[in-house]
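Pasting the structures here.
What follows is a pair of complexes built around subunit A, which joins subunit B in one and subunit C in the other.
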Partner chain A sequence: MSALGGKAAGGDSINPVGTVVGLVIILVSIGITAVLGSSLVIPLIGIIVGGALIAFGVHFVPVGGAPAAMGQAPGIATGVAMLAAGAGLAGLFGGAWAFETTGDFLISIIGGAVGGGLMMAITCLMVNATYVFAMGIPAASGKIAKDPITGDTFPEYKSQGTEGHGLPFISFVGGVIGGLIAGLGGTIIYIELLDAYSTGLATLMQAKPEAIAPLAISLAGIFAIGFFLVNAVLAAYNITGTIEGPHDPKFKRVPRAIIGCAVASAFCGLISLLLVTNIGM
Partner chain B sequence: MTAKMEASEGKMPHNKLLTYGLVIAVVGTYLTYLNVLTGVAVFSFFGGIAAVAAIWWGSDTIKHLCSYGLGTGVPSAGMIAFGSGAIAMIVGTKFGIASPIVTVILAAILGAVIGYTANNIINMNIPVMIMSLMELAIVGALTMLGFASMATGSFEFNQLIIGSMSLSVENAGAAAGGAQTFLVTAIPQYGNSLIGGAALAVIFFLGALALQHPFNACLGPNESQDRTLMLALSCGFLSMIVVAVISLVFLGLLAGVINLVISLIAWFYCYKTYIDLSKRDAYAWLDSKPIIEVGGDQ
Partner chain C sequence: MEEIVLGIGITALAGALATVAGAAEDTESDIGSQGDPNSQVQLAPQMGYIHRIFNKAVSGEPPAYGLWCAIGAGVAWAFLQLNYNPALAIILGSIVAVFVQGIYCTSGYLGRTASLAKFKQPVYIDILKSLTSVTMAHAFVAIFCTTAVCYLMSAALHHPFALPLLGLIWGIALGAAGSASGNPFYGKERQYQNQKFGAGVPISASGNIVRYAEAGQRSSLDNGWFTTKFAGPASGICFGLIVFLELWRTVLFEKALAGWGAVIAGIVLILVFTFIDRWIEVWGRKTYGPYTEPEETSS
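Presenting the complex of A and B:
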């Protein structure tokens, strides 16, 4: 909508009825999980926290879509969901590698965060190189007059009839922060699922943990990708199109995305943890 | 990417498409059970046909949803479909012979919750949102289930995590991908299976690409339903070719080659028809003339 100057679908306010129903869904999911197996509650809470972190991180990522490709809006020229998934998966690889090498929870989630942040840093750098050296346009935001970090002013560089162009420093920093947070969230989900599956499947299938390891890793990986895509697309729905980073007015909508993604993650988490309960099979 | 897209009304109503797609997908997945009944794996290709039917129906759902201008681009619909579908499908396979039905039910509930979240918490306020995300979750789940049963010959969790099919004449230990000994106890090599070897991740993206591409490629002023759906079939069979190659590992030469031949023939037919439909829908030059090339057709 924003590309045409129209109003975003639902405004900036929080829907009270929907939010209350959402919180009930979270509590019911935790309740059902507690009934099925008390050891699964901690992984579920980890999944909910991870989903909320992904929703928060995605809002920092500067995306401009097709207008940015034409140099008419600041940001990276692709959709929110694509870019968030890229950062998240890069983080997931980093975190998974760190977990396999060290087995330490804290080091792994930091590894995941660094992976996601690195992917965004490289993407932002190359995007700016393309804008400045290939398209010959200076980075300028249309949403604010002054870069909050460097203090550079924008209006004198902004072309008429555009929303700004290039990737201002604040958006660059925002992108890296977004990659860090989203990578962190994705890695928490992966490690919690891996933990639940490697103990749960070994008990359920009466197999040695060594034999179950490849299965638990693949399942946790595929589920983590699934969670990441669901959360990234829900956050993208909240942004509807373009966002420049933390200074963008759309950033005010963050709370409802966090609630929404927490609800979706709670319910998806409940379903995915059914795998290690005695239901079925 | 954010403007309202014009989608053609089309000759076939969406509910009819939904019914056909759902029935063919579920029945097709069940037909792979003939493998177990007859003891040969040659009926696996029904799983691929089930997956293509789901993609065919899903691309029309994407058209319905994305004609509302979500501002996120068409591909995001394919991503949320497979993100939620993967969760429902893997858990659904635990229910043995009831797997396809349970997968549909789980995916529908999951899609409804995500749709409610998008519509009422994130405030999208799009009338078809909940129904579309329900449909897309089912499409994602059935596509993955269909392709998984085509690759391994079974839709049951136990078969998806063990190296090769146990319906062969070999004993259980050999069927489990050549058992490995660990402290005297024999352990199956789960790492050689569809899920353990993460071949399911390949199926995940093969399905997602086939689902998100057709409407994205065809949208525009003269989008027509039959052309978009034909492209969906073409993309579906293209993915099926790759799954057929994967199935060579799990099912052996005979069943794998049958899968490959069927998907190649079907893809070729659909692609050719799609090109014909594209030529039908392409406009002739009217006012502005192209530069006439000397020695060309003109």
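Presenting the complex of A and C:
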């Protein structure tokens, strides 16, 4: 593989043994949670779904890393985990706020998704503004000849010796979709954790739910950020370097990341929920 | 109504502070050479190009700024609990955070540059002494403004998250916005001014960064002077828009349509930005046209 990421080479298929082991870890995590407190199973499943959504969303985000910073590859000039976490956390901020004011699950998770999508839309726009107005370079993809949405052709616009530059429209749309999905996943995790902590901590501490609300919100927020970073970093290992968006050949690796992140979320979710299980200590 | 007017005023103030934070963050990371283009600064001596550019890269900008803003907001929160004046608490928090940043800068420069000793890259003590304080000053502005934004969100707009948590979230978002908008300008337009304008940098030119200024050797102070003109404001606008619009759509529309107002406003904003992006893309293609070989253009 080249220093710029290049073509996805090998390891794209799903490892059946690893998948079975992962499924066993998920089932064991759910089983242990069910034994410790049956009401915690739904939050754990929410965390697993949220983690898988974050992994899925990260693959849409066009990331170019250092090569993008020099106009050697298309994408946003930062790392996968950083950008996805930034977008997802902006969504989490909006989702948590919407849940505080409305208390409605659906509005909150969609509000979180829109927050992530908005952050990515602004960021992607400024990337193109920098390339076009400050560096005088039009957007061109090195992975495909034609933009699947607009029909623009790229090879004649690509500078010699580079793998493309800028942010083609398909990558912009991919970035927004990635922000939407990552924000959605993160907000689901936050609300499920908040639900578990609000009731669990009130029972454990024998206090009113209103009294422990600040503690529950802070804990749920910290763990939601932790889940973001766990899933974004795992997905970044799957991407290895750069990805242009949904049209990139590396996007085909997404099922592997979803399985990996679901397993990691299940185990981390079990750990985070142990906080509110009365295990006789 | 009065509450909404107050909310919009706070939103505008937060947006303005975020714009200053974004501009300072990008200038700090360009002077300190942190973020993705730093790989070229690290690579240059290995390719035989000895330079006087600050070589920090303690980590990516988003997690680094997440840490610094979380420290700033955390210490400020502690002082607020002791009933300190909010402005004083935020200043004290930012001072503590910026000392952490200064330690990171120093160890980052010494460690990274020392690792290049076998390629004859010296550690310039004057660079360390003169530039560390400059990056600390810019970092202070960025951390102070971000912590102030977080304080406004927490105290005036009543966001449920605690101040340190908001610091972590918006610190990471600040770094992400700054590295997305500012890094390409510093990486390509500044470090590779020896390359043809209006084209990407060929992979074969990696490491051949520009090392000389108008008079003598270039240092990272020259980089700050250059990138403040475009990359700083661009990053500021990016982060300012994110903070302003995220707050604006919530403050103004959260109660409309049973909570769906903020969602619809967000979707409309995304569509507007999508339209502007497409316009910029088409404008760039039409104005600059297809790539031409350097030989043809120089004749």
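To be clear about the criterion, the second predicted complex is superposed on the first by the 270 of 281 C-alpha atoms of A that agree within 3 Å, B and C clash if a C-alpha of one lies under 4 Å from a C-alpha of the other, contacts with A are read in each partner's own complex, and residues count from 1 in each chain.
Definition applied: a contact is a pair of C-beta atoms (placed from the backbone, for glycine too) under 8 Å apart; a residue touches a chain by one contact, two chains touch by 3 or more.
Owing to the predicted nature of the structure, the values given are computational and were not obtained by experimental measurement.
Asks: For A:Tyr237, using the defined touch cut-off, is the partner it touches subunit B, subunit C, both, or neither? Pick first, second, both or neither.
Replies: First partner only, subunit B.
Asks: Please indicate which partner A:Trp97 is in contact with in the superposed arrangement: first for subunit B, second for subunit C, both, or neither.
Replies: second
Asks: Going by the contact rule set out at the top, does A:Ala202 touch subunit B (first), subunit C (second), both, or neither?
Replies: A:Ala202: touches no partner chain.
Asks: Looking at A:Ala52, would you say it contacts subunit B, subunit C, both, or neither? Reply first, second, both or neither.
Replies: Neither partner.
Asks: For A:Gly65 in the superposed arrangement: first (subunit B), second (subunit C), both or neither?
Replies: Once the two structures are laid over each other on A, A:Gly65 reaches both partners.
Asks: Where does A:Ala264 make contact in the superposed view: on subunit B (first), on subunit C (second), on both, or on neither?
Replies: first
Asks: Just to be sure I read the superposition right, which of the two partners does A:Asn15 touch: subunit B = first, subunit C = second, or both, or neither?
Replies: first
Asks: Of the partners subunit B and subunit C, which touch A:Val176 in the superposed model: first, second, both, neither?
Replies: second
Asks: More residues of subunit A are touched by which chain, subunit B or subunit C?
Replies: Touching more of subunit A: C.
Asks: Regarding the shared-chain residue A:Ile122, is it in contact with subunit B (first), subunit C (second), both, or neither?
Replies: A:Ile122: touches subunit C, not subunit B.
Asks: Which subunit A residues lie in the overlap of the subunit B contact set and the subunit C contact set?
Replies: Overlap of subunit B and subunit C footprints on subunit A: residues 3-4, 65-66, 79, 82, 85, 214, 218, 221-222, 225.
Asks: Which residues, counting only subunit A, touch subunit B once they are in their complex?
Replies: Counting only subunit A, the residues touching subunit B are 1-4, 8-11, 13-15, 17-19, 21-22, 25, 65-66, 79-82, 85, 207-208, 210-212, 214-215, 218-219, 221-223, 225-230, 232-234, 236-242, 256-257, 259-261, 263-264, 267-268, 271-272, 274-275, 279-281.
Asks: Can you name the residues of subunit C that touch subunit A in the complex?
Replies: Subunit C reaches subunit A through residues 35-40, 60-63, 158-162, 165-166, 168-170, 172-173, 175-177, 179-189, 191-192, 197-206, 230-231, 234-235, 237-238, 241-242, 245-246, 249-250, 254-255, 258-260, 262-263, 266-267, 269-270, 273-274, 276-278, 280-281, 283-285, 288, 290-291, 293-294.
Asks: Help me check something: in the complex, which residues belonging to subunit B touch subunit A?
Replies: For subunit B paired with subunit A, touching residues are 1-3, 69-73, 75-77, 79-80, 82-88, 90-91, 94-96, 102, 106, 109-110, 113-114, 116-126, 157-158, 161, 180, 182-183, 185, 187-191, 193, 195-198, 200-201, 204.
Asks: In their complex, what parts of subunit A are in touch with subunit C?
Replies: Touch residues, subunit A against subunit C: 3-4, 65-72, 76-79, 82-83, 85-87, 89-90, 92-94, 96-102, 104, 107, 110-111, 114-115, 117-119, 121-140, 150, 152, 156-169, 172-173, 176, 214, 217-218, 221-222, 225.
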